[in-house]
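Each of the two complexes below includes chain A, the first together with chain B, the second together with chain C.
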Partner chain A sequence: MGLVTDNLPGALLPLPGGGALLTAIDQVVNWSRANSLWPLTFGTSCCAIEVMMATGAARHDLARFGAEVARPSPRQADLLIIAGTIVKKMAPRLRTLWEQMAEPRYVIATGSCAISGGPFLYHSYTTIRGADEVIPVDVYVPGCPPRPEALLYGLLTLQKMIREGTTLARPGEVRKPVLAALPDGMTLHQVRAEIAELVQETATVDRAAAATVGASYASASRV
Partner chain B sequence: MNATVATTLRARLDALPSQSLLGTQEYFVNMGPQHPSTHGVLRLVLKLDGETVHQVIPVLGYIHRGIEKICEHSNYRQLVHLTDRMDYLSALANNWAATMVVEKAAAMETNSRIEAIRTLVTELQRIHSHQLWWGVFGMDLGAFTPFFYGFRDREILTDVFERTIGGRLTMNYIQPGGVMHDIHPELVADVKAFLAVFKPRLDEYEALLSENVIVQERLRGVGVLTAQDAVALGATGPVLRASGVAHDLRKAEPYGLYGQVAFDVPVGSRGDCWDRYAVRMQEMRQSIRIVEQLLDNIPEGKHFLVKPAAKIKVKPGVWYSHLETARGVLGAMLVSTGGEAPYRVHFRTPNFNNLWAVTTTATGGRVADLVAILSSLDLVIPDIDR
Partner chain C sequence: MATSLLPVSGQALDAQSLVAKIQKLCPAAQLRPDCDRPAVKVPLAHWPVLAQQLFASADLLFDLLETHTAIDWVQTGQIELVYVLTSLQCGHHLTVFVDVARDNPVAPSLCAVWPIAQWQEREVFDLFGVHYTDHPDLRRLFLDDDWQGFPLRKDYADDFMLERPS
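Showing the complex of A and B:
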């Protein structure tokens, strides 16, 4: 009983006569969940090299934290590490994968692409500006790409959240990291609206410039 | 298991009638976009009859980020950093291709120190990229050890890059008019230390995977790409050279300092998976040769000739230049109507053309061979979709 009583004070109430009363079964369950995460191998682009491969390899050794049993099938996984850009064509697939995963499931978004669109925030007509537009994200790991150490820290944070029972479960919930850093009086909604405006502005074609191009194209010397 | 047994086993498998007495049906299977062997989000629609592949139809666009369009909205400096994210395993070569075309368009000069640094780091990254490929190739064939070995040695080189460049993967180092920072004073010593470790390790790689009978049997005669097909598909890089065409832009149109160093271009003869494997293994040795020649001869001078803050303006016109990345020919095309931003940018990426080799080589083979073929093509999917 030492393991449980030492790690989870209050979870077990010793009764007179040698018995024990399990006061918080959730704590025991969460503690075991936190230490046996099975990630889904899901990498769409550059971040996958750092986050999925380098972190899993010998030097950074994800196995130290009990999360190395990467499963290619979503049905066997309970941790989705979004490594890379999500574009419009991929978004429904991401949603499907998440829905197929075993509950309770957790999501870590790694890299600026999965957080906000990253280098493709402006002017891209395909990138989803943040994976949390599609599925709920528990932990954000910034970087382009994040170092393997950063993912390890993100994983430890997630484990802490699982133990405390503060992970997100419902679709539509968003916990953006920028919220903490926002100045007083500014809302996430305003930031979104501004970004949408900028994206709209830059997505429109400059007709005047396009008209002159035909002429210069013809006169342009091929080098 | 010795070679003859496996050969007869394969022969026996191949001799099995594809249509059983009960009659079989063709069916479709989706491989990807979420599949561990497609190395990203490539989707292949397979037309199968049992284990036999009848047709492979690649479906693209699951990671199309619109890089070329974003380039139109960026100035000539900004667009370089987007190229990191296409073929992120050859980030420096990508930077260089974009830089090269900008320098050509804006008539910018470089000096021999800049060219030497560029050649050195790009060649190191060819090793870096092939190390990863080797590990993943082993993993795709069902052996997990190569993955750990490849990454173990790759991390040493990653540290070397990190010291000079500051990045581990998306480096953004080569800039129009120079390189971002001067090389770290310890770079030469670091690289020498790496080579001292890596050269014996390369022999270890060969002993582990190349001399393994199972690996040989799985690769020899599988996924044969004829020289004719390779040229017709526009395949480049190790994929083309494995088919026996000795085309390498480092030799054919030397850029950087490639004209001044001695190296060979390894070529294969049959164009099967084994040749593609062997060509890359040889290329690592050749890259080591190039690095060793450059290492002690980096000329003195400035590491940039144009201030990083200086605006670049380009006259109206069309420019193209290309170079050899770890995967093949990367071409960059620029259309300018004058001013500080391009009118159109297009990248001719090696993986896009190399991908189509799978449609001709995998048909008639088995599903397990398809995985070996895909891995031997060494595809980077964001480079295909851009």
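Showing the complex of A and C:
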């Protein structure tokens, strides 16, 4: 079977001359929604180039995940990628664009500025402190700017949210896959503490180890 | 000297002869030695006449106003207008500094000499509050029309701004 049918939600029964798929309507609808996100590219500054355009281009190739059909029109798009700083004058325009998008609609905020105002948090007379002050955001992709891989991960996270999210039986319910995937008995607080410990560990330079690494490079280059 | 994008028809002058020529046109112009490009400080009263001469004079030919901005000096009570000029025909550059009083910032518009000054003066008006006389359309450019105050002035503050917690 091909790649498409491998990932179909449900049980596929191969029969001579075709097959039968045993599934739920909800699952098929969510599966198709998740795999054909059409992004509205809302790029206002450097993140648009560093993340959004780079992700759409050949090397990172957003088309692998079905989200390459970038729409400049909100009426044809269902995913709003905010890439860049939102200022006071732009905020009403962002809100208008989001309101023009048809349901279901999803929002990814990429980069520090779109998440919190980033470097313009303090002493700025015009920067909005996060796009979520204007519209609801589904997935945050941190970084200044994030790597294109980070946006791809954000997109995959959103796809997971869509597959596990709203159905006919649970209308309007959005499930955060990050929380849903936590093992039993583990809390978000524990995860944060563990990440902080790891960051502390990797941010500390072991001078002795660094010296041996340098020495091995030096001897390798002599050979 | 930087290379020109257009066919160079004039003669590029070095910094010394450029400043000498300008001081001949306007004796009140002073050399600013702390700049990496030829730069002069011109009194406000002489500036509109000198601007026209810089544009039209056959061996200067400053045909491009590259940028126009301002610096707010709170301590001395001045707003310093900065004009960066380039001659595409000769290939030389010049920076002109003009002081206006901070409590009454009025300067003549240079739209008649360089039409691009319309946009640049609107920007300086928007952010520094410098009023240009004879400007055809002096409105807000980047900020909302009903904005109060001029945010690039050093003493600007509003309720929206956050102070960094110490």
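Simple rule for what comes next: the second predicted complex is superposed on the first by the 141 of 223 C-alpha atoms of A that agree within 3 Å, B and C clash if a C-alpha of one lies under 4 Å from a C-alpha of the other, contacts with A are read in each partner's own complex, and residues count from 1 in each chain.
Quick note on the criterion: contacts are C-beta pairs under 8 Å (C-beta built on N, C-alpha and C of every residue); 3 or more make two chains touch, one makes a residue touch a chain.
From a predicted model like this one, the values you see are computed outputs, not experimental measurements.
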Would you sort A:Tyr153 into first (chain B), second (chain C), both or neither based on which partner it touches?
neither
Using the superposition described at the top, determine whether chain B or chain C touches more residues of chain A.
B
Can A:Phe65 be said to touch chain B (first), chain C (second), both, or neither?
neither
Of the two partner chains, chain B (first) and chain C (second), which one does A:Tyr125 touch, if any: first, second, both, or neither?
both
Quick one: classify A:Thr41 as touching chain B (first), chain C (second), both or neither.
first
Please work out whether A:Leu97 is in contact with chain B alone, chain C alone, both, or neither, and reply first, second, both or neither.
first
Thinking of the overlay built on chain A, is A:Cys144 touched by chain B (first), by chain C (second), by both, or by neither?
first
Look at A:Gly84 in the shared chain and tell me whether it touches chain B only, chain C only, both, or neither; answer first, second, both or neither.
first
Which residues of chain A are in contact with chain B in one complex and with chain C in the other?
89, 122-126
The answer for chain C against chain A in the complex is residues 142-144, 151, 156, 158, 160-164
Which of the residues in chain B end up touching chain A in this complex?
33-36, 40-41, 61-67, 69-70, 72-74, 81-82, 84-85, 88-89, 104-105, 132, 135-136, 147-148, 151-152, 155, 158, 168-170, 316-320, 335-338, 343, 381-382
Help me check something: in the complex, which residues belonging to chain A touch chain C?
88-89, 121-126, 129
Spell out the part of chain A that touches chain B in their complex, as residue ranges.
41-46, 48-50, 53-54, 57-59, 72, 74, 84-85, 87, 89-90, 93, 97, 119-120, 122-127, 144-145, 147, 202, 209, 212-213, 216-217, 219-223
